[in-house]
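Across the two complexes that follow, chain A remains constant while its partner is chain B and subsequently chain C.
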Partner chain A sequence: MATYEARSEVTGSVWKVVCEVGQRLEPGDTVMIIESMKMEIPVIAEDGGVVKQILVEKGTPVTENQPVAILEVE
Partner chain B sequence: MFHKVVVANRGAVAARVLRALDGLGVRSVAVYSDADADAPYLELASETYHIGAAPARESYLNEDAILEVLRVSHADGLHPGYGFLSENHRFAERVQAAGACFVGPSPRWIEAMGHKTRARDLAAQYGLPVGRGTGVLLKDAPAMLRAADEIGYPVLVKPAAGGGGIGMIAVHKPEELAPAVERAASMAERGFANGEVYLERLVERPRHVEIQVLGDRAGAVRHLFERDCSVQRRHQKIIEEAPGPGLARAVVGPLAADVARVLGAMGYDNIGTIEMLMGADGEFSFLEMNTRLQVEHGVTEEVTGVDLVAAQLRSAAGEPLAEILPERIAPEGHAIQARVYAEDPKRFFPSPGPLHVFRPPQDDGIRLETGYREGQQVTPHYDPLLAKVIAHAPTREAAIARLTGALRGFDIQGVKHNVPALVRILQSAEFQDGGVHTGLASEVLARAQ
Partner chain C sequence: MSAGAREPQAPAESWADELGELRFRREQAEALGGPEAVARHHERGRLTVRERIRGLADADSFTEVGSLTGQGRYEGEKLLGVTPAPYVMGLAKIGGRPVAIGGEDFTVRGGTSWSGDRKKGGQGGFVEDLARAYRIPLVNLIDGAGGSVTSIQRRGHSVFPGVHGFEQSVALLGEVPVVCAVMGTAAGGPAGRAILAHWSVMVKDTAQVFAAGPPVVERSLGQKITKEELGGAQLAVDLAGTIDNAAESEERCFEMIRRYLSYMPANVWELPPVVETDDSTERREEELARIVPKDRRKPYNMRRLIQLVVDRGSIFEIQPSFGKSVITCLARMNGKVVGIVANNPMVYAGALDVRGARKQTHFVELCDCFHIPIVFLVDVPGFMVGRDAEAAATLREGMRSVYVGLQASVPMYTVVIRKCYGMAGMGATDKNGLDFKIAWPSAEWGSLPIEGGVAAAFRREIEMAADPKARERELEAELRAQASPFRTAEAFGVEEIVDPRETRPYLCRFIDAAQARLRTTLGPKPKYGVRP
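Entry: the complex of A and B
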């Protein structure tokens, strides 16, 4: 078991969290959507896995490369 | 003429309208959110009012706050700029109900042209070329498939109340149609609070050519020639020019005249732009009408010598077109605009941050439009436009060279920006040959990676 952090690629704010703690995601699934400069940019679960922790909520400001969720892969 | 005008916008367009008001000797009112409290253009205004927090819905989209500024400032006009509330007909009605003039066309025109299929119907009814397409799709899968068959694949699914390329999906095969319609409808519902979508023939590798018009309150309309805005990323324009490269005057001249004639017949009554697609076969088809000033109005101003913002204000104040525009307008030379965005030049992701260094070029023949200055913060709340750099020269080749030089001399540090991408496009063989189309930017940039 190993964990990794899903990170926001841009500075902006959380527009929508689209997963729940405990949910299993496939590689490439969307964890949440960040809104910045009128664009919606998804945070992707690169390696999939089970969502262990969501570190932000709707409206939270985030900066580039900030971890927003922790996932666990087997 | 107006006594005092509220500029209900921010950034480069707020600066541009404030300058025009100053030139006309009209008092001006600027509004600002928390994020723009130190914006440089506020110094150009006779009065400034804070209208709310940084998020647009709490400030620049906050109708009540802006109407309150209109009331307390005793202004008799409101210029909406572009974006934000500029194409909101209900807001335009509220401005009128408050006893002021909305500097734009009458609300009924904003409403009619804001709905894509209704605008297409109107254009067709008045004899403008309109490509094959449908009305708003009903939730009837067999009928949808029949409609797509009649148009012929590939088709484009588009939101009827949309804009900015959001929610547009290309469909190449019948089995892709239903899921695409569903996805487009959900994006349209989210983006525009209206889930209506329709189908249009997909024109492949089209050019985007648009005709600038100005009407007066009596319904007289003239055109100010065309612009080519084919160079786009994410369906948004990044390089615009006038005149359109390689367009036969014998074709585009009559087209522009037709557009002016049609809008005159309709009684259109202020500034506007008819956007058209030009296929590889040279056929034009109506795309949409923007009932406001365009981001790229500057290239038309450079080649025609007409101050479009001042002209728009004078028309809104009731001056007849014959007094506003010179009798003969002849485009002179070539103008190209590049939009400098705070974004990653490869993936086009936004890049807000501090403008540690922001030193625009000051070359001859270069015009700069911006709402920023060095030291300011570029926030994630608004669109990523940092500046518009416009070059005017006797020929297209000279304008490309001048613009490239200016962009190379634009020193921006603290945010990522798209200047390298703009230079690469300007220096590409395709662009220099004038073989522009809406896929050009992504093709040139993909090659560079």
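Entry: the complex of A and C
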């Protein structure tokens, strides 16, 4: 088992967390949505996996490349 | 005869001895720095320069120049062996077309510079002369640290910077395609030369590039840093954009170089090669009609959109991991090479930031230089805003991008997908040519987006309203109705609005028609003025 961090590509704030700890995501699924430049920018689980930890909550400001969730893949 | 030693021969009736010596000297060259040095090089996960040239060029196409260069070891008049010059180069073919190709041999003195009567490679070397004189692409396989202070001992004096200057390297950038691939650790001159390229690539994990390596950094700044942290692909490609693309392996790097060159003409006096395609110019993709969400806050996949418009399988993305608010790629339409510049709504809504602007500037210049028509797929809300953006000089780098776009004279097509606002939007137009702008029904434009603009322009009216929020929304709705792209099309302020599914046929027809202009405006492009 290996873990990886899902990171926000943009500076903005967390608009909506769309997964829960323990949830299994497919590669390409959305982890959460960041509001930036008046747009809803998804953070993608590139390799899918099980959500181990969510590091931010709705409204949290995030910066570019900031880890927002930790996922575990087999 | 041990160790290949050669006895001086009396005059003979045949040239067998001389031919034997030539063969022996060539064997010495083939052996590079010797089996131990080659083994060490392989242990580092790297190929030798000869393996690289063989791996990259068409089979059996490499014709070496300067194979006998090096330092002969003699005992009296007996030749014991030759330490080859640490640079291998010559003429080869890639995709059936000739190229000048060369690279440092790291197994000989770490690929440091060598002083013969004439330079083989590097700035001002024969390989550059060959590319320029024959007007063929140049491929530099870089794996060397440049100069060494030991040359002071050898020469008895220190060399003034630029004795072997970059002037030929610079001139080449206006005449023939130059590809630089960083295959090992490059510092100093070789690192500088890696940047003097139309397109550059480096190998992940085994290649690094920097002005100076960790020992110099530690002495100068007290920073302890590994060479991978200082100049590996993560920094040099993804973060800094110093090098354009990263390759997973040397073999993958060769594939990428071959692919890149397939889009390039041999020189600026020729057009890029046209390939046969079985992808119909009339292909209309249904997915295009629904790819842009009606909800303006929702982004979409611009890379997918590009795939649906250009010839199938024809995309080669330049700088995919840097400046991600802009997507730049070479592609084909009806077999003809085009450059695509697309804003990426997934990253800062496609706003042009410093990195995206720098990437766009270089790509537009590349296409203009090699007479490659540009298609702008526009969805740009403007320049990036905020303190970080201002501190990074977004305005200056953004206007540089606009300036370069407005100077370019290659045919350009503006296709407004959604937003086209402000100065960043202006930079996506063909002001030197037809200024031909087509739009999708989802398009919107102006000097600034309505949302932010209403709050500023109607501040007093909004503040005085009974329900300021409601009044702001009303004003936005009123203005948005008037800002319909169809109204601008009525005034011929945009030349056509197309059904998104018609984008490919529409562009293919105009790009086909532009070939006459392209054929009759070949040659180098003079540059004038001062970039902001």
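To be clear about the criterion, the second predicted complex is superposed on the first by the 74 of 74 C-alpha atoms of A that agree within 3 Å, B and C clash if a C-alpha of one lies under 4 Å from a C-alpha of the other, contacts with A are read in each partner's own complex, and residues count from 1 in each chain.
The working rule: contacts are C-beta pairs under 8 Å (C-beta built on N, C-alpha and C of every residue); 3 or more make two chains touch, one makes a residue touch a chain.
Keep in mind that this is a model prediction, so the values were computed, not measured.
Once the two complexes are laid over each other on the shared chain, residue contacts for A:1 go to neither chain B nor chain C.
Touch criterion met: A:41 reaches chain B and chain C at once. Using the contact criterion defined above for the overlaid structures, shared-chain residue A:13 touches chain B, although it does not reach chain C.
9-11, 36-39, 41 are the residues of chain A that lie in the contact sets of both chain B and chain C, per the superposition on chain A.
Those residues of chain A lying in contact with chain B across their complex are 9-13, 35-39, 41, 61, 64. Put simply, chain A touches chain C in their complex at residues 9-11, 36-42. Residues of chain B touching chain A in their complex: 342-343, 349-353, 380-384. Chain C meets chain A in the complex at residues 297-299, 324, 345-349, 351, 381, 384-386, 388, 449, 451.
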